[in-house]
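Okay, here's the structure, questions in a sec.
All chains are identified by letter, namely A, B, C and D, in their written order; residue positions are counted from 1 within each chain.
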Amino acid sequence: MTPRRHLFTVFRHTVLLLWTLVVLFPIGWMVMTSFKDSGDWVSWPARWVPFVDFEPTLLNYRQIFYFGGSTDTGALRREQTEQAYNIWKAAFDSVVIVTVSSVVSLLLGSTLAYAISRFRTGGKNYPYTILTIRMLPPIVVAIPMLIYFASLPEAFTWLVGRRVEFFDTYYGLTLLYIVTTLPYVIWMMLAFIDEVPRELEHAARLMGASRLTTIRKVVFPLVASGMAVTLLFVFILNWSEFLLALTLSQPKVLTLPVLLNKFQSAVEGRLYGPQAAIGTVVTIPVVVLGFLIQKHLVKGFSFGMIRR
Amino acid sequence: MSGVRLDAIVKTFGKTEAVRGVSLDIADGEFVVFVGPSGCGKTTTLNIIAGLESPTSGQVYIGADRVTDWEPRDRNLGMVFQSLALFPHVTVFDNIAFPLRIKRMRAAAVAERVRAVAATVKVSHLLDKKPGTLSGGEAQRVALARTIVVQPAVFLMDEPLSSLDAKLRVEMRTELKRLHASLGATFIYVTHDQAEAMTMADRIVVMHLGQVQQVGAPLAVYGDPANRFVAGFFGVPAMNFIDGELRGDGDALVFESPAVRLELKGGEPLAARPVTLGVRPEHVRLTRDASGGRATVSLLEPLGDETLVFLEYGGAGSLVAKVDAEEALAVGDRRGFTFRRDRIVFFDTETGERILRS
Amino acid sequence: MTESRGPAPAGPPSRTRLSRWLERERVFRILPLIPVQALVLALLFVPMVLTVYISLLRWRLTRGFWTDAPWGGVSNFVDALTDEGFFDAVGRTFLFAGGSVVLELGIGFGLALLTYRSFRGRRFYFTVFLVPMMIIPVVVGYDFSMLLIDTGPLNSVLSALTGRDIRIRWLSEYRAAQAAVILADAWQWTSLTFLIFVSGLAALPRDPIRAAEVMGATRWQVFRHVELPLLKPVIVIALVIRTMEALKIFDMPMLLTQGGPGNATETISIYLWRNAWIFNKISYAAAASLILLVIFAALIYLSIWLLRRERSRLEAETAR
Amino acid sequence: MRNRGIVWAVLLALLTVGVASAQQVPGNTVEERAVNGARAYLKKIGVDRLEQTMMMVSLFAKAQPKYLEEWEKLTGIRIKTIEYGYTEIPAKIMADAVAKTGQYDIYNHQMYMLPDAVEAGAVLALDDFAARGKPHFDDIAKTLRSEMYYKGKLYTFFTDGDQTVLALRKDLVELPEARKAFKAKFGWEPGCPDTWKQWEELASFFQGKKGDKFHGVTLDNDLYGAQEYRAREFGYRWWQGRYLSRGKLFFDRNMKPLIDGPEGIETTKDQVALTKHMPKDIFGWGTPQNYPFFAQGNSFSIATFPSLVGYSQNAPRTVVKGKVLSCVVPGSMVGGKLLRRAVQPAGTNYMVSSFSKHPEAAYWFLQWFTGPAVGNRTVADRDGFWEPFRVGQDKDANIVARFGEQFMSVTLENAKIAVPMIPLQGNREYFDALDVALQEAYHGRISAEEAMKRTARQWERITDDIGRKRQIEAWKHVVESGAYFDAAGY
């Protein structure tokens, strides 16, 4: 190792460690706060060392896991009540809605990306046009969506003789999440599918496979890691979505970001402890998921902008 | 087993015409090679036969069926691609088994058939490997195995040997020829390599600019080219072309260019017209006298058994002659040269069409 | 033989009509488009039309939509275009988006350059760097609102580092609050730009780089003249994606400062939210959001135009 | 249940006679009538059980359920609660007005939400039910009572006063040396201030740095002079009380804003001046920051919600247990007389949804829950955030036990001078205009005059936008109902 190289290694690790600190600091603080009692959430100087500066407690976790909702900043214990919501309910709803919408979005988007890649479906500009969807700030559509969702049941009654509710239902939110993530699915999958040689498909089709079989047996397996990456990406987007859920769901359907917003206390303000606890809890699954597919991640995010 | 017939195939992509009216009859069991420079429309034609692309107009027949609108999978074809198109995500076995499984053959039968075919193309030891780990030749065989496993009536091959090294390519040529003989199926082979065309084809179809230039047996195409393009395309080194003027008075034809003058016996009376004379290097002879013309040796390329001689002869470019290696020559020597008269061909300078074809 | 080939059957007898129909390129080209277009039309287009209609009324939530919403024509648009608050909010949104995107791209690119080739510890850094984008923004908002309180840990750390008593009022002082929003956003989304850049760098073709190295180029020259030009499309896409998302920023300032102090962190999304849900001015909000949409679209189409130019150049180069 | 016999007898009578609906429901107390009314309603619709839903401020998740269970036992009506953060609820009510889901029977929010909710058609007028249920409002101060009405109709019930209170550090104010020094400087004995000016004098005096000697004691912390809300969404609430104490209304009879007069400007200047004695961080603080700060002994005085007093006695790490002096909210000298106004910055209330399938059942719960007897129990409830406001609650042993005598006497004084924040349609937009201008003024970016001028201009625009005629009519109802005692400037 030459001295210059050595110097570079030192420089590299210094910079990277610095950023590691920047990244871990807020997360660490959140985890720490989740173990603090209310008096320690906000205090000057800040309380750092567990058992020395503050007495760790599971109160926050007990609160979120048993009941949901919130209480005074002082006394946290509360009898278990028949709450419409708790973290389990929100977690269930989030998982169902986000999983279904992400998977459906992935399938629809991938198939369309295939068609675009192979036949220029929708014309040369289609991928760019579809990107417009992503530009719409959700607040722009949230209110019309509410009116629309409110009048859809009537429309359905009139059309098919059955009342179909959209407001505050699983599929209402699911459908919206599908649409809002489609642009990214199409873009990312287009990049992956463009890289699959057409001859592979030609070969399959000459050997007797139908187009659908070809896609299923040849194309999709080849872009599997790309699909995993795309799925993770739209999963994260949907998992985090706040504004549409806030406007168009509750009380029957409740997602985690919306639940988080409920942890408010006396007159107005935040229950940092339970918020930190729930934040810690909802972050873990996504981080684990990301960790599991980490090695695929690198492949996916150049959006096909570089051709090998 | 079936023949293939193309009837006035036209294919346009937007404004570009890739194939402009190709009609062709390919007999059952024939080995036909489409040859031409890249962009000549040969691969498009092949894809149209395969059904991977549909013609803008014209019809495709396989056997007795008009298959123009049929899907590829219904045409009973086998195809080997330039890139071989082995599925990288599954093993060699699964690659070979793929078409059988698509046809919903029972697993036991699949295994049996795959093993049998693997044995014929000598890839039995590779069955558990993934394509990515194979050598070029091995991959080639696997691709063949995957194609023949369903016993198609017609084999389509799109430059399958282009990724192999020279030696392997020559070996595979022989092997393909043997395979053709043993299968008795119709082979349609696309290449830009004239050597492959010459060595393997029963008939060669020369394509250029979306049109068929000439169809014929290899030697016929080589020796009796239909136009200047075909003449120039075959042969290494290429045919010599000399622009000049030709006229005939009934007794003799006279070709005249600044550097070369030739008199040929016979022929009909002919008004003077610009032509291009074509003569292959092996038909150029060097002499001690100056019966044809005089030239200076500018470069020598020994090939071993023969030597290529580049001559400054006073015309544009150099004249290439292929002479026996024994001939004692040195750069700077001045020699006379003549052409084998019976092998000289003439093309219309403007159209490139052959004239005075006997 | 020619005579025997009369008009052939339309297709092989073995297939059903449906499967034949499905196989046609024309059908297959269009089919995947249908569900997507149907969803887009039903779920986005119709509400958009409704938005346009509402924007032409003078409807408040405190009045019946069908009964008490008089026609307003373009008055809402005029109101919005003459409202300082609207343009201030748009301006702030651009400031935040600009600030955070620059930070994200800069830091993300730097980190990517340091990590994309393998070295000891790469996996660890990689794991850590990707975490922020996986955290729900609402959680990040809450987290930062804890970190940034004036008596909070960030000021403690800064004080300890500088040896002075630093009490930056991150959430209650104008500039500091604006910086806080940008920092929080950058903290979270640098992980995405980092990932995009690492991904792009990893996908760079080796040969041109090696060729340059063989030709005696220094590391910097290789980067400047080979890698950077090759990466340009990736940089543009990171820019487009992040700009698109950053312009919609809502959760972060809402949770950190609720738009305060004053209006210091009121982004356009918060402005619209306030007008719609607190002031009940639905028609006005609709009109303002349509104007906003035009502004955003112009901006984003500009970047897409950039993107396309890069892409088509790339395609032209690959075709060669 | 001493009246059970009577109840049954009455029920029997009801059944046999079939009383016309407009007639008073039998029962001696508000609560009895509510229970009877509910039972009769169930009979009428032919069920013996009913399930209803309340949109509830999450703050009450701990306290509310036991009353709901009790109600279910009494009547067979089960009320489910759905919790929302307090900031979420307005949008949820408005969204419900659009989506008309009928998912909620009762909305629980705060007083100032009423006008918008009524105008949006989300809540139901309760006069017809009240005519039969005869709820009892006599022991509620007139100004607070006025808040239950909008344009002359009854819409909401409440059991929470929530009028502002001022709290001082008793231990500091009673330091003999400090008293002497203070008197020498300002000429009056330190204690509960009568005027805003006096509060500022107190604040300027009672402060110091950590480790300083302060008239005989060593300070453990930095001590700030005062706390009053200055954060966005908060500051304007306290401003309104201060302004009204200067004897002016918000609007004249044509809805022309009056706040840009000298009274408004002075109010703003007062607030800005007091800010000097507060921690710098106050601009970002809501209750969860303000309460602990005071409880942990970092400041001398605080004007806030009345729940602070109870909080500071029980909070973790509190150092002010037994050291808090509650004060009647200060006022201003107007025409030689001291005028005090305690703004009601929040005030938990209950409304019946227009989309409820059984609004009458929902009404009976409201009447029962907010009645004098049950209401006293809720106020005494240590889990709740219902604050005293009724005349006579200082006699209720449980309530006194919870809040202490000193606080009770003060808060009931404050209840007498309690005034609502602007109870008009679009009030949150009026508030926001004021809020933004005040924030600018607090931060010294604009002058108090400019802030008031801006606000007035915005208010004019808002009034025109909503419809001046509508607003004039509504404002007339407000003023004439005596919500602000008198009609100064009207």
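We take it that a residue touches a chain if its C-beta (ideal position, glycine included) is under 8 Å from a C-beta of that chain, and two chains touch if they have at least 3 such contacts.
All values reported here derive from a predicted model rather than from experimental measurement.
The minimum number of touch steps separating chain C from chain D is 1. Where touching is counted per the definition, the chains common to chain A and chain C are B, D.
Chain centres were defined as the mean of their Cα atoms; on that basis the chain farthest from chain B turns out to be D. Across A-D and B-C, the chain pair carrying more C-beta contacts is A-D.
One simple way to say how far apart two chains are is to compare their mean CA positions; for chain A and chain D this gives 39 Å. In whole angstrom, the spacing between the mean C-alpha positions of chain B and chain C is 54. If each chain is reduced to the centroid of its CA atoms, chain B and chain D end up 95 Å from each other. Averaged C-alpha coordinates put the centre of chain A at 57 Å from the centre of chain B. Under the contact definition stated at the top, the residues of chain A that touch 2 or more other chains are 42-43, 147, 210, 261, 270, 272.
In chain B, the residues that reach two or more other chains under the touch definition are 71. For chain C, residues touching at least two other chains, in rising order: 23, 25, 65, 149-151.
Because contacts link the chains in a way that matches no line, ring, star or complete pattern, their graph is best described as other. Chains touching one another form the pairs A-B, A-C, A-D, B-C, C-D.
Chain A meets chain C in the complex at residues 9, 12-13, 15-16, 19-20, 22-27, 29-30, 33, 41-46, 48, 108-109, 111-112, 114-115, 119, 121-122, 128, 130-145, 147-148, 175-176, 178-179, 182, 210-212, 236, 239-240, 242-243, 256-257, 260-261, 270, 272, 275-276, 278-279, 282-283, 286-287, 289-291, 294, 297-303, 305-308.
Those residues of chain B that touch chain C in the shared complex are 3, 5, 25, 54, 61, 64-67, 69-71, 74.
Residue ranges of chain B in contact with chain A, taken from their complex: 47, 50-52, 71-73, 75, 77-79, 81-83, 85, 87-90, 98-99, 102-103, 146, 150, 156. Residue ranges on chain D touching chain A, taken from their complex, read 53, 55, 58-59, 61-62, 65, 80-88, 91-92, 95, 98-101, 103, 233-234, 286-289, 291-292, 296, 305, 307, 311, 314-317, 346, 383, 385. Those residues of chain A that touch chain D in the complex are listed here as 37-39, 42-43, 67-75, 78-79, 81-85, 146-147, 149-150, 167-168, 246-247, 250-252, 261-272.
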